[in-house]
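There are two complexes below, and they share chain A, which is joined by chain B in the first and by chain C in the second.
Entry: the complex of A and B
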């Protein structure tokens, strides 16, 4: 035999098979394509969103070599500026006042998603030009403001017009002197003179930032060390690397979760390839046997099936890359760069084609297709040619029980992996556990089918169609398992996600009810640097119709340069009963005498190891103050940590008596809709424009809307996985039914009616759907436990109570049974349309 | 009117309180050493050092070290330490005939935090790493370092200061209010170090310090001015300035001549004639600079005609990228004397 013959034979077989069953090939390739497309699209969107977020960040920061940042919005004393300026190695240094601000002419609105917000930057252009030239435009003078293009558009103002900016509880009018040419187009920045910023926004003597440019011959490590020794407690040194890490940590868990979901879709596609390939191999048993008899070696046969898989994978992957690019375009324009997750603000990312990731995802698609073909290929190669030459279809011996242990081992490994800690802050082993559980569940299917069908088999007096269906499933568990793989995989993944989302949503809802007991909530936007002073608080509290009012001070604290700031919330907490204001997890510790107690959110445990009984150092009032961790509370709002403290303690430590929020209870006879305008009038001018009033019902509805929006993409990915699974079921059924033409002919010969065969197929489908659905459900619930107790706490640092959505389970199961029975029936009708007699003769 | 009153009050509150610049008055003369310090009440002020350096290998360089102080029209009520109530800026340049172009650099900053400051008690200027100070013994020390060059110089006065105009009141235009306080220290003996690239070279030389401050300097018709300061080899010193209008005609002119015996002659506008001669056109900016003018000065009883020759033509200094002017500031010589010529407002009208 010359070398050319096998190649030619291989090509003939491949093309022949594809020409004979184009639908099956297309479906399998499509499954791969969809998986690759989802993975690639999610990756593209994530990468571009992160990129635009980083550009936005560096646009506010103006790309300095190093930055000293204030640990709190109150800033640090400006005396640090000349001290650092004189350090050797510091070539230029630009002092900056940076405040969250808003435009007074745009009223704050709970649902407005930050419209009207700008980052107010006060700088000395003579200094900034050498360090952050992108923040310097044509001189605006003391009364001028330079706006970034995004701010100009968002605030709906033209150059030359007046604009009133509100920040730190004060307002001041400026003339728009021009546009910042160098600033990123999607970041709302307003630049004013540093002296004006200090004077008119209550920042005299304070700075929030020092931007530093190093000399070309300076040693960054030495300069960093020198700077660090000079820093006061309320300032930290940040470098671009730390910034990048912070940006990354902001959304990393979310992004990884999305990519994992996309991979799940690809995996489900892999099952489809597996089922298509194993059926095709089973049907072509005699062909392969003939080739073997003609002298084709086993290895060549193995290669043949693998090459078929690779070709499928290649076609699917190429299509998937194109689809993915298009999908990412649509997703970005419709949902925004964070796919609704709310991590990246309002910026619109820009997509480009990324050849590297495209190659990676195409490669993954091909590998998945080849791995999925591996088992069928080995089966084909292992078959004894003499037997295979005569029979087609399942080769298994119905009397031999399927092995249970490989699946059981995989399941056990999955359980073990779920117990492992996170790797690099990511629940990678949690995902591995999910994959192992999935694989284990699928591997146990043949044995499980027998186990589940065993009680049914003992029933007597069943209608012949059902009896036949049962016998068939019992007798050919391998084939049934092939069909079941897709169902189990997609059902379990769907159930896992659904249980997790339901638990999460339920816990968030409970939490919202618990944290919103009052009638009205007041939030002062951009008040971090200022706030409502005691006189203002007294005036607000004196508004007629108020039964009680509790003031809260919220201050972001920067505890580490490479992590987002945590939120310090100073509220009227009773040391003896902190549970009245906080949703505590576990019992709080008694506070030792002389200690300042704080209660930390769950994220603080994970990120800063702030266990109850330990001490934290917090930069409050310009010094590092030791506080005692007295307890842990649940907080879904701040993924990067929150610290609650009694307001009396905060005022004592910081000397800052200003407040940024208030919870107001109205007298029973008071009309709340009238109370809100009265409260707004009671606020001092400047603050009134920043005031956001909310009522619990509306705030809860909004929070849940945001929640649903951020899970929208999750739902979509899930739905796609389910559809791929169902398509797999349909494809498997139709293929199996076509392969069973001889069986049907045989049945017709012994007097079974066409209708009865149809009923038998329907029953088979329904049984498969039921078995697969039940198994998937069970597996899914187990996997959801991994999601809830491993993946979520490890990536988002919060826990939740498990809730099972029984209604959804019922619907899902019904849908599966109906869909499976329906596709089986449809496939059967095609198989039965031929002449039964000829079908039998074809065989013998 | 009653309804208007609160509105006006509001406007008054909102309108910035701008600086009230001190006037230059003929009856208040310059007094030394008091007036070596800065005069922050005036709009603008400078310390202008120019001179010739001699290197051990016989090479020659011209150099310029200039510190400016300006008082921008910002709200005087602003209590912020960053308020730009005073801005200090400085230029330094080195003329190397072998290079044929200037090396120059500049600094600018708001006064404050000890990083940028012009002291009032005596000459003590700091601008980040640059400085110019008058020591207790009357010598000036300066340090500037820029793009490929550095100067560390000690300037020792060898003659008394020349109070220009009437005891330092120097009229700069037809209106007596267009004037500045002006004195010069010619024949400063220079010693110190010149850095070029990585090389440090000891230098000696002769320099000139011009001190001038004013709030209302230039006539509205003026587009620029020319200035010449010459240290004559015999110990004499010639100061000339000429304010030009858009057609190149003199709006005002003046200066002084102090001979080797120390007799001072104050020059009136009619005493100074400046004939431009053949201009040099800058290849970078296209500006035509009269870099080798012929000067005719009428002195009591005689007429001085001086043909000015630049050390090399291209001593153009373009500081427009840093917000400064385009000007020509170069080392020049005449038979029997050496000094510096300054030409401004040739490319575009000078704004002060």
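Entry: the complex of A and C
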């Protein structure tokens, strides 16, 4: 407590107020509790999921100090291994073949494409024992495979059983020799002998990884420099720090977005505290004035109200932390570690209590409550005691114009913040812009109330109830603004999110229609490094009933050690008309003679600054190949970047004629359901089992289902923010109406009927709902523009077209008007239930 | 020989005009001796309450000076004026102004706890005051359980508990029936006498004025003794 505040008096005042109005205190504290709970829960889940993901990764990577990784699934030449082994400072080095693989006995399924997948690792146990001991188990021999516990479960196999693994387009049967004791419980890993891996999966002379352990006296910087000079174009050096950054970047924007959404709920809770404190201060104006008269200094009164806010925040935060821990447990068991976002694989992260983050979130809750109490506290401290002592509540002069400039300044600052670039790859100023716009919008409410009511006020001959309601709202815009801030905050946040999601979903749907023009799509699982060769392509193309077939090769390229790989998609693109296959954004550049054109997704612009007209160096065919960025296309599938290239160029540069996907158009008279089995029969035996066929409608529906699932938590957080806002509105209306009991008593004395007072309150509520709803809609649309054009591109590196859900707007506005009028009427009924005469004589 | 006590209240050349320009009083002088009780009467709107606000340091005069027990208000900061009010003044209001969420004992003890005294000191003193005003044993009751007369007794106890030099009472019997008013005035007089506090009572009531040592009337020309 600040110096000069009498502690005993402060305690008496605080406890007295809480005892007198427990429901209001509980409501405000609950609002903070829910916000803190959501923030803490989301943080706990994110942190735990990330931690278990990192543990899973480190169990694959072992205790290596650094790694050389292949830029493409084709790997790099194993000649690099002895050269690096001889470098000073390198104590041990373990060569690794690492391939995405799947079990042949689990058929790929379009709805569960992840099932049956494992990471196949081939290593030399004698080398690996010194670098990655967690990957070394009981020797399994040439025909044996060691599985992690997660892999055994995922593949539904027991030790001693046979299992056929498919990787790089080839398959081979193994006996399950045992379990990897040191592997993470989350990671599906299969370990075999390196020679077996190279021989049976077409990797002779190739490696995907070199795990390096440094000597105790080695200089890591010098070793790193020496390794870098020896690296071929198709390999890159990764350090544990780069790994950590890559793991973090994988889901960082999604996590930050979720945490910001949780903070939105807390912010809405803050508005509820503001509204509760404002009303409390207005109601207790004469009490505070008495304290000032009796000798409480101005600053001590300010501190008193702030301490009340802090106490509310503390109570809410403590409850919120407990709720958050429980919520996190439930969320993880129901939605998984990524809360439906699809960033992390299977596996339920372990949740423990985290005292540090708990203290941070509790602190945020207390600060939000104190900041929300600041304005009411200043108002209480600024009141003239002699005047406030004789009035019950704030008396404003109806002729005084409401101040517009504070809100205008906040709105302008919000606009400026929206124009700022990302910080550390995150739209932090974008979020700040949202908060400033929200605060600015709320701050302009007193002026806006008058602006919106001005046309109504000029009307003559209005019914007395409506006339009285208009006069009150006009005369006390500050009080109206207190009630409105909850409506405006929750409505604008809901509208902003709804517009963003509607725009995103609509754009994704358009994109799906554009990228899925064919009748059937074929995807070959585990085709990395292998796939359908030209003979197989010809056989597939000759299947009766096919009108045309377009083959695609998709290859992940690792362009930076600290970023997830980008996808190179080689497809039959017409250089002169790339828009026929790609959903282009902007006009493509003409390709200079002799250049190899590529078209990059929007994420490449953000992550690699791959602007049209610039050149990129891509690791293709064992060399770094210069390519010309000819245009940008929209891609919602790969957040970390994709590059499209003409397949003829890819074959020329890589010598890889294999294909991993195909888009098939059937002849008009062909039955699609019969064509698919025919296509499967036309595939080589090794690939037929790994073929995944999809039809556009089914794929589109599945994509939108995934979209909705990944936004489920967003919808839930948004709904909670709105509920808090609406509860705040109800609490505010109720408190304001009850505080006017004497006014109603006076009106009853001079001949206004109960029905007329009820109508007046209903009209006030409806007008407030209408004004708040309209302001919230307008503010929400502005905020949605920040979400769509700032937050989303900076977080996820894609753009979208704005779509306004007018139907939702209409429903929302109607619901708000009805809810506000209903709440005001209900509260009014309570206020009018007492004796009107007693109400007039009631003191305090 | 001990030095003579300074006046409980010394007002000199006080001038105050309303924001519209109407002059309420100009060059007003008033001396209240320690322990003296004076009553100020006058028409509604003449400026009686404004005069009390000026004496309490809640409003600033346009000219002139005010001293409470020798301490001049002029030039005091808001905090210093607040401290002076807390230590030297007691207040009794027409509308009682008892905090509804505090117990009776806590209400009475407020001036002490505002002066940073702990509850262990303040509450026993408040219970002792309750006994003096005839409400012994009711310290843990809340104001809602009391009548108007009882509430005003609480207000008087609160005004005196910290032994102020001067009590400012604004229409202390305005909300009470004649009999209760009589008893309240007697209590105020007795308690002021027993603590040695001076009092300025602003009132329209002749009965209230009757307890005063001097009765002054505020007019446009200033404070004048009431004709007997």
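A few points about this structure:
We take it that the second predicted complex is superposed on the first by the 835 of 844 C-alpha atoms of A that agree within 3 Å, B and C clash if a C-alpha of one lies under 4 Å from a C-alpha of the other, contacts with A are read in each partner's own complex, and residues count from 1 in each chain.
We adopt the following convention: contacts are C-beta pairs under 8 Å (C-beta built on N, C-alpha and C of every residue); 3 or more make two chains touch, one makes a residue touch a chain.
What you see is a predicted model, and the numbers here were worked out from it, not measured in a lab.
One of chain B and chain C touches more residues of chain A, and that partner is C. Residue contacts after overlaying the shared chain place A:12 against chain C, while chain B stays out of touching range. In the superposed model, A:179 lies in contact with neither chain B nor chain C. Touch criterion met: A:384 reaches chain C, while chain B stays clear of it. When the shared chain is aligned, chain B comes close enough to touch A:124, but chain C does not.
Touch criterion met: A:297 reaches chain C, while chain B stays clear of it.
Legend: residue contacts after superposition of the two complexes on their common chain; A:413 is shown touching neither chain B nor chain C. Residues common to the contacts of chain A with chain B and with chain C across the two structures: none. Looking at the complex, you find that chain B touches chain A at residues 14, 16, 74-75, 78-84, 87, 108-110, 113-115, 128.
Residues 49, 53, 56, 58-59, 78-79, 82-83, 85-87, 91, 93, 95-97, 99-102, 106, 110-111, 113-119, 122, 158 of chain C touch chain A in their complex.
Residues of chain A touching chain B in their complex: 78, 81-82, 85-86, 95, 124, 126-127, 141-143, 173, 193-196, 198-199, 204-205. Considering their complex, residues 4, 6-9, 12-13, 16-17, 19-20, 286-287, 290-299, 384-386, 389-390, 843-844 of chain A touch chain C.
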